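Have a look at these structures, which come just after this line.
Below, chain A partners chain B and then partners chain C, in two separate complexes.
Up next, the complex of A and B:
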């Protein structure tokens, strides 16, 4: 038997196939689990691309883990589908990207790695009654605007600073108060300038005199003069506030200029809690201490995340951790609210008492959108690892302070 | 302002059709994206006054843009001044900054790349100052409270914002056209073509150039205020950053510097290209910028007079070659 197919026949066959597949599609869809869309608004390009990409990866790991564990059970095992949009490291693009998320039908979204981006996006989201759970957004203005759709899960700059200073006070006291003077090196942008100002005001109250304050632009490449000035100031400790590359170069210049410091103590340090810095600059990274966002390494979910990140060949940074945790918070709200209604999601998040995230926090309690039970922790680089050294209940190592001097 | 060729008429018609079609699209995404493009178009039109008509290519229009935005934000946030008054003050502040930079630069005879570098330096100095002082919100910037209403000049409805921006862009273009064909415009073009000859003919070139900077500064200040009123947040990097200055000059260069429609067409075209590439390559963030850059390089190489210059060569209505739209 021969079978010939001319152009008309081909068209008929194609039409029939399309009709059959179209008719059968609804039954296939019915058989599949429902999906719930969650937005991920991060700077995937521009100067914050590294942090944004890490955050997006963290969100994906969380969604995969939740889906693998059966999805949102109260919604019949609904699977989480992430809608990832690029904020391009620009506030107006972040605000515009909220339109894309709203149109895609997300129930809430997480983001946006930097306060400026989050401020713009959450304001735009308020018009849609769309909840934004902040992964990172340390500026206090985020939670001072009275926007009902804002939920900052991680601590802000005030809490990070006060906890860091309190921890420094305890460390110093335990060592017999050897630290009397400090130098501050900060980038001249929003993050560094604000932090330097707070430090200059609060360190003297702890009996630590600020003997040198040096600002530098971002990007900045030659840190030799800055290292020499720090060395000449005779400061006991250095408190830096700058981003990954500048932090790394600064630490290397300090080593080259043989600046004898009792500690490098960062607050939300650009590289101090970054495994890339540890891996690539292991000798200069030793004993660097940081007060930052970090997960509870003892939790099984945290260990599973660390394994997944390693398997994917990515860096395990706090961006991955906090983004993972914010997806957990949204998933918990979905589980409890069992609804994809945006207003209902805002109400459910506002009443959240979630304590199952990977972060070392108490049960979530949002007061004016700020999670009052969040807290930063102190980490210290030891060997090829970043150990958690404060608070004791989560610690994986004892703090070393002041650091042992060479030679 | 009228097109001089069939090509220009088609280009303008396409831009108008796109702008009108947004009212019939249900998607807020394209309207939101075009709102951004229209704000950039206003600052591009501002650059066109000095760079296009006057031949004074500035690399620092962010200085005027940011000053307008900050003046308005400071008045509203720090002093509780009404948004309408702050709106006007932002425009005046932009004009004052433009006149100040112009007066300083032209007093010492700075031209060409030296003028460009001075404007760039002003923008950088202002950026650092804005991130250092409490009145500008320091590093945290300034944020307007979300209070939609006519008195606060904030509107929840994107279509309203879009319509207001369309009207403003049309007004700025009408003013540009009026300037171009006015005595002042003729003086400015004379300065661009040959400043020594213009001076020999009795034109006070210093005064003309400073005036052009003030008018350009007013338009740039207006764009800064619009950014603030639409997105309600500014910080030093956002409004004084070099990205603003680059966007201000790239639209007119691609669209056609020294023409009335060029800045709008260039800005819209570039933004549409970027957005289109983003949608096509949504799984590879950043690749859209590569495509954008390739087209930009080609446009700069093959379209020295921009899109309007290219379009002027297609189906010419009149034989006056130097008179583009």
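Up next, the complex of A and C:
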């Protein structure tokens, strides 16, 4: 069969097609579920780009999973649309990026990988009555400013440090209290400095003397001096709090300077819970323990996330996990509130009792914007895996403490 | 603390060698040709990625990558200057500044797009090897970088002073119009110089990779110190860059040890301010006529 189409025929056909499509368009639009916009404000460039990109990926996995499961059902199956903006690892950009999110019409947003960025963005968001559910923001100042739009789902530095020290106490006691002295190495921003201060106060109370405290900038090029000082201090354990790049250089320098430690016990360590560090520095990574944000690996949704991350060829880091969870929290608030009104969203989030996230938390309870039922867990690098070793109810392996000495 | 001074000085010397290596290329481009190359850090990052990918995909050791990457980056530098920077800047120094800045932004963002912000490092068998010297353990990779810097600076100096190309570069730097009149192809000479500077960056990258990491932002970790090294050593002075690099490494290390690592870099900038105040031409630089 052949068709011939002359100029007049073509015009008729085009006109008919236009008419049909024009008439049918409204019905197509009516059939589509509405979308609801959630902001993702992360440092996609600059020093914190790795963390920010991982967080953005986590948010996308969560949105995809929620959309695939039918979207926000109370809003007619509304699909989540993420509006991702780059904080460029700079607080002033994080603050101005909030304007972009507000103009885009987001109902709430998640972010921003570092306390300094989150402090700036949440302050800026307050004038729009725009809720920020923090993916990571450990500085306590975040929840001490009385801003009603601030919701920190993950634990802050105080809780992370106190839980980490309590866990260390239990590990040490179980091993016969071999650890008597500790050295602290921390980045010199609010995150590391606050933590060092708390540890210096609390470690002596559990019989561990702090024999050396060293701060360093980010980025930092040379860790030889730091390794030398740790070694010279004779500390039994090292407690570092810094980001991935610096942690990697530090771990190498410690090995090169032959620092003999019973354990490296990180608190919110940038690399100790990062599979990339395990892969590329496997030798020095062994038995490094961390107290950090981590998901409950036994939950089916966690396992689905791990599979999605592996399929996408990404690293499964805590950034991915917490960002995934914060989108879950916002989606739950949308489900309960069934509204895209920003003030209503703040009220709904404040009343959240969500207990379906992938994190090993109890039901969400925000007190002054801080989720009091959040908790960090202990992980340990074993072989080519990161195992959850503490608390026992979530553990995938037994903790090894102190580490077996070489030779 | 006193027992740490010698290891800290030695550690500073080996770190300073890395600064000197990065600064050698810059002092040629910035010091000799007065091209403020904002893309220097980005080219260092590019070279680090090149060495990284050679290692990961072809199993080429970073040190064995030197003979591969040096000519490649020489050609890249030559091409950038000859067919991008020179035509776009039209001989204006302000335009050069803007063009190299734009180049840096483009390279950085392309790196971010293609290779993401992931931190990468190489896991090589000798990564944790050290050299014991006077009771201090020095990372093998940094010791190699130290001796490479000691060799590279005099070799480049010999090239600049004993070869016709080197003489042409110096002639162009001193009197461009005069050089042109005596038959020197100025554009070609500029491009040669830029190519050599970029090849130096590749050398620095190959020597840096075994002891450092790679990210799209890594160039900025070194480029500011490299500019300081060039000014401290004297604009265009290759031995000056070497001495200044080593000096800055030691100053930074000792300041880190005594003032705390957070304040370690203060020493670098105090040295920079002092040299600007008391010897603006740098340690081995020539006084302006």
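Quick notes
As a convention for this text, the second predicted complex is superposed on the first by the 382 of 407 C-alpha atoms of A that agree within 3 Å, B and C clash if a C-alpha of one lies under 4 Å from a C-alpha of the other, contacts with A are read in each partner's own complex, and residues count from 1 in each chain.
To be clear about the criterion, a residue touches a chain if its C-beta (ideal position, glycine included) is under 8 Å from a C-beta of that chain, and two chains touch if they have at least 3 such contacts.
Treat the numbers as computed from the prediction; the structure is a model and nothing was measured.
Overlaying the two complexes via chain A brings chain B and chain C into a clash. Residue contacts after overlaying the shared chain place A:126 against chain B, while chain C stays out of touching range.
Contacts of A:153 after superposition: neither chain B nor chain C is touched.
In the superposed model, A:394 makes contact with neither chain B nor chain C. After overlaying the two complexes on the shared chain, residue contacts for A:44 are found with chain B and with chain C alike.
Contacts of A:188 after superposition on the shared chain: both chain B and chain C are touched. In the overlay built on the shared chain, the residue A:141 is in contact with chain B alone; chain C does not reach it. By the touch criterion stated above, A:116 is placed in contact with chain B alone, chain C being left untouched.
In the superposition on chain A, A:93 makes contact with chain B only, while chain C stays out of contact range.
Of the two partner chains, chain C is the only one touched by A:219; chain B is not.
Shared interface residues of chain A (contacting chain B in one complex, chain C in the other): 44-45, 49, 188. Residue ranges of chain A in contact with chain B, taken from their complex: 44-45, 49, 86, 90-93, 95-96, 99-100, 102-103, 115-116, 119-120, 123-124, 126-127, 139, 141, 145, 147, 188-194, 197. Partner chain A is touched in their complex by these residues of chain C: 1, 3-4, 7-8, 11, 15, 109, 112, 116-123, 127-128, 130, 137, 139, 211-213, 215-217, 221-222, 252-253, 256-257, 260-262, 264-265. Across the complex, chain C is touched by residues 44-47, 49-50, 52-53, 188, 214-217, 219-222, 224-226, 228-229, 232, 244-245, 248-249, 252-253, 255-258, 276, 280-284, 315 of chain A. In the complex of the two chains, the chain B residues touching chain A come out as 27-29, 31-33, 35-36, 39, 128, 131-132, 138-141, 143, 145-146, 156, 158, 227, 230-233, 235-238, 243, 278, 285-286, 289.
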